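These notes concern the structure reproduced below.
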Amino acid sequence: MEEQQVRAVMEEAMEIGRRQIPHGAVATYIPELGKARKDALGLCIALPDGTLYKAGDTNIRFTIQSISKVISLCKALELRGAEEVFVHVGMEPSGEAFNSIVELDLQANRPFNPMINSGAIAVESTIIDYVSFEDMLAYSQLLCDDPGITLNRQVYHSEMNSCDRNRAIAYLLKSKEIITANVDNSIELYTKLCSLNVTAESLANFALLLANGGIRPNTGERLLAEDTVRTVLSIMLTCGMYDGSGRFAVEVGVPTKSGVGGGLMASVYGKCGIGIFGPSLDKKGNCIAGCEMMKQLSSKLGLHLF
Amino acid sequence: MEEQQVRAVMEEAMEIGRRQIPHGAVATYIPELGKARKDALGLCIALPDGTLYKAGDTNIRFTIQSISKVISLCKALELRGAEEVFVHVGMEPSGEAFNSIVELDLQANRPFNPMINSGAIAVESTIIDYVSFEDMLAYSQLLCDDPGITLNRQVYHSEMNSCDRNRAIAYLLKSKEIITANVDNSIELYTKLCSLNVTAESLANFALLLANGGIRPNTGERLLAEDTVRTVLSIMLTCGMYDGSGRFAVEVGVPTKSGVGGGLMASVYGKCGIGIFGPSLDKKGNCIAGCEMMKQLSSKLGLHLF
Amino acid sequence: MEEQQVRAVMEEAMEIGRRQIPHGAVATYIPELGKARKDALGLCIALPDGTLYKAGDTNIRFTIQSISKVISLCKALELRGAEEVFVHVGMEPSGEAFNSIVELDLQANRPFNPMINSGAIAVESTIIDYVSFEDMLAYSQLLCDDPGITLNRQVYHSEMNSCDRNRAIAYLLKSKEIITANVDNSIELYTKLCSLNVTAESLANFALLLANGGIRPNTGERLLAEDTVRTVLSIMLTCGMYDGSGRFAVEVGVPTKSGVGGGLMASVYGKCGIGIFGPSLDKKGNCIAGCEMMKQLSSKLGLHLF
Amino acid sequence: MEEQQVRAVMEEAMEIGRRQIPHGAVATYIPELGKARKDALGLCIALPDGTLYKAGDTNIRFTIQSISKVISLCKALELRGAEEVFVHVGMEPSGEAFNSIVELDLQANRPFNPMINSGAIAVESTIIDYVSFEDMLAYSQLLCDDPGITLNRQVYHSEMNSCDRNRAIAYLLKSKEIITANVDNSIELYTKLCSLNVTAESLANFALLLANGGIRPNTGERLLAEDTVRTVLSIMLTCGMYDGSGRFAVEVGVPTKSGVGGGLMASVYGKCGIGIFGPSLDKKGNCIAGCEMMKQLSSKLGLHLF
């Protein structure tokens, strides 16, 4: 990827993204999220050689939200192994929204996949006896190569007042003996991990780590096993964009995960990591600018898997 | 109803009931319930003139369980009025098991009816700010004409350790803003009411009160408004036996409610109240002897509505 | 029931009904039904002593539609017996709309009850090898005491062009081996029976027959077995008004069945039969005037079961 | 890929496959399929340079079944364009079995994706007015580079006697106005395309065509547009193995489609096409040997996307 070409494509993508912003809305289901600057937009592309292309608001901090599901999954796979983790959660896309209870109760003996709330709570239950929040914070800083990540206490407390549905999910998992962890502790950890402050650059770094097969490029250090990376990227590809994952796989063809804080991370295997920040969301809760930008980047830089 | 005929039919029904006992099983989802004497069986018929026909174990105490849903509904209708109550719960049979979450989440903006767990929790939420557990205990004693009703603490504590699914239901109701009550308080009151110790005779008295249009026969005192009785009996008829309610309406044709403690109360409008105790349950959680006994009583004593 | 009182209550009910008409709409899913006179309204009450109270348009002909499900059920119970019929269909209210496929496919090994389309098609499959359409026409004339009933060919042909969903249901039943009949023949018979021309008076006669336990009052002839009547009335009570059956049982308390042609028949056990015609429908497809009229009649004439 | 290494890995994979055969069963839902030789097994790998590696029964003919969904999708995308096609069908994995009706009726205004029966029928409806069966047969011969493909009339007639569920699906699609085509014609074409006789070699050729971006390697002729290939491979990856697609994407990481005739085609982008034949199926209806063989090939030849 030639620098000049990349910069030109990024400019174009930023332009396309900005035009999308008015068509979306900032998440308001918790008051703190509603305070985000709707027109913020940042794009960061990290290459294996250490190059970092940036455009716009790449250093504004925002909460990671659902993208923390990828970090929890990494930790669980590394710590407990795939065999143990996938006793408690499946690997199948569900065709349902992120917070669905129906399918869980109706036909599943475990949540469909780790990228929906019920699945993330189940994944977390496999590690909650082994790690503290502080451990997970440090792990997030490590994977994102960003020691500046902290807990956003305003968002955390705000979320804890709006998590009845997640509590319902956790108690249902417990009644079905899919998890055995204490529900209060689980919800606390889950919500804290969603409330970590990251930047578009943090996400690009994490995405690059996955794109590079688990090895930090600048140090050559292996942070994640090859199997972990393979599993995580495959699941991001089939399940990362909720009930829009299939369309995204067709149109963009890059493993991607979004969060309602406005973050989006995309891992172009063997090539680069992409981090986007834009708090104006589409109806499915994905960064509205980011989705269009990813289409553009995929098409112009040839990032599609096929 | 001639005494001799009634006694003969009761004997026959007891015989039929006893033969069913081995085909069922005592509830074991909470350890305390599992301690019940499986072969216990009692039948009590209360007439408006004060006559009380008894056979078998009519004075053994057992926990009321789901039959408490009828008491809560009475209280809510009397205290808050039908209009307010039916904002929070519907009146429709659901075709689902007692503890279904699916339909609630999928298509309902409120639980289907007051006889399933979600509906009972919603009903209770309309009165929880107005009554204490002690009030409800006294109310239960009044409606059942049984001052001996007490809280079974063993069962209560045992149930509190197995109520994750009910907590899930309550949090889901809260997340959908169907209830606003504190979930811990709701589950505590709900579980306490399920853990009241009654007898077959208590249930016959309560059933008679409803059969008599809300007036206690021996005193002439009106304890429940006519409208309350009409609503409660109609809902018992269409929803009282969970996903077996329709068949029961065809085969027995009497408003009836059962509980997993082994209790069953049936209200033959204008004629009598029937209370049955038999902890051996069928697969739907109904007293296995009681269901067959009700068929026999209905057929031999002409109790069917049609 | 005093003549003067009945006539006064009927007048009042007609007034109440008329005020409802503008709030509903004539069925338009098939063009022929859309031609009905929206403001037509008729009420007929038939007493066991032969008295026939009439008000408004009691002799206008309209298609019986779903009320034919009651006639098919009577025939099937009489001809094949309850045991055989209820192998193919259940007796449970479903909490679903009349034309639901979901529950059928998801969890049922047979349709929930004979009053929804899938159940009616299953009921019909038990008799289709034993009766012709002509037999069923004659049977309808007999039960309704109305030799003037004929097939409305315009409606029949119009319906045959709009029955893809019923065909889907029938093929699904066949694939699940709930029915073995030829689908084309089944749909033809089903649709013809829905297209019979009746009047409010016909329906009152049929309702009276059921209210009188299966014996035609004026001749003393038994046309339906007691068991058939008991089963049919119980199912009308719990399932007759689709997903509004529970509320209707509470508010009116009379076994009732409606059809989208605007007909409504209600059977007050031991007392009378009621037939109503009013093609302006509410959102659930019930005669909008008729539902309010039934509430009024029930309340003023004391028709509620409880 | 070195010849010697490939041949060694293939031998090993065949060995692994053979050990799976006894754990599966030949499809018996239609009598003709039940006649397949359960222990047949063939593996063919086609490389862009024209090399064809073969092991076992690579030239036995068997019916293509669901793999025809890929051919129909190619034709529809080429003939009508993605925009038109995806009005009638979605791109989302469904988490449901191949012949689900529930989700379709419950929440979808179109089938979830082209790889389930409802979706394939919808795809087909976009081309049925433009192509004959003969056209589609010729198109299949072209894409598979196999002029020997013919209609298996025994299987076709056998399937036509067991397609009530597909008829139900088609009528439901029609009632929801997702398709407008004549149902009989649709089912006939759909079933004929499922009944085409292919070989493991045909499937390897077709897979290679896709892996090569739509260009036939030996002639350099473009048979499919790049966009078509991208869309088809993405959908095979997320939806190709029914409700096991997610796990397959994690464990194998290659776009793959299976059929109950025992066929399996896998397209390794930029590398090769793989065709497998083995009529012993696992419980989800996939070739039981083929799934394990693909895991082995993916792992030993490094075929995983990530």
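All chains are identified by letter, namely A, B, C and D, in their written order; residue positions are counted from 1 within each chain.
The rule is simple: a contact is a pair of C-beta atoms (placed from the backbone, for glycine too) under 8 Å apart; a residue touches a chain by one contact, two chains touch by 3 or more.
Since the model is a prediction, treat every value here as computed from it, not as a measurement.
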Tell me, which chains sit next to both chain A and chain C?
B, D
Could you find the chain whose CA centre sits the greatest distance from that of chain D?
B
Distance-wise, how many Å sit between the C-alpha centres of chain A and chain D, to the nearest whole number?
32
For chain B paired with chain D, centre-to-centre distance based on mean C-alpha positions, whole Å
55
Using the average of all C-alpha atoms in each chain as its centre, how far is it in Å between chain C and chain D?
48
Per-residue overlap in chain B, given as positions that touch at least 2 other chains:
106
If each protein chain is taken as a node and each touching pair as an edge, is the resulting graph a line, ring, star, complete or other?
ring
Touching pairs among all chains present in the structure
A-B, A-D, B-C, C-D
Interface with chain D, chain A side, in the complex: residues 90-96, 103, 112-113, 213, 229-231, 233-235, 237-239, 243-247, 249-250, 253, 255, 269, 304-306
Would you tell me which residues of chain B are touching chain A in their complex?
100-102, 105-106, 164-165, 167-172, 174-175, 183
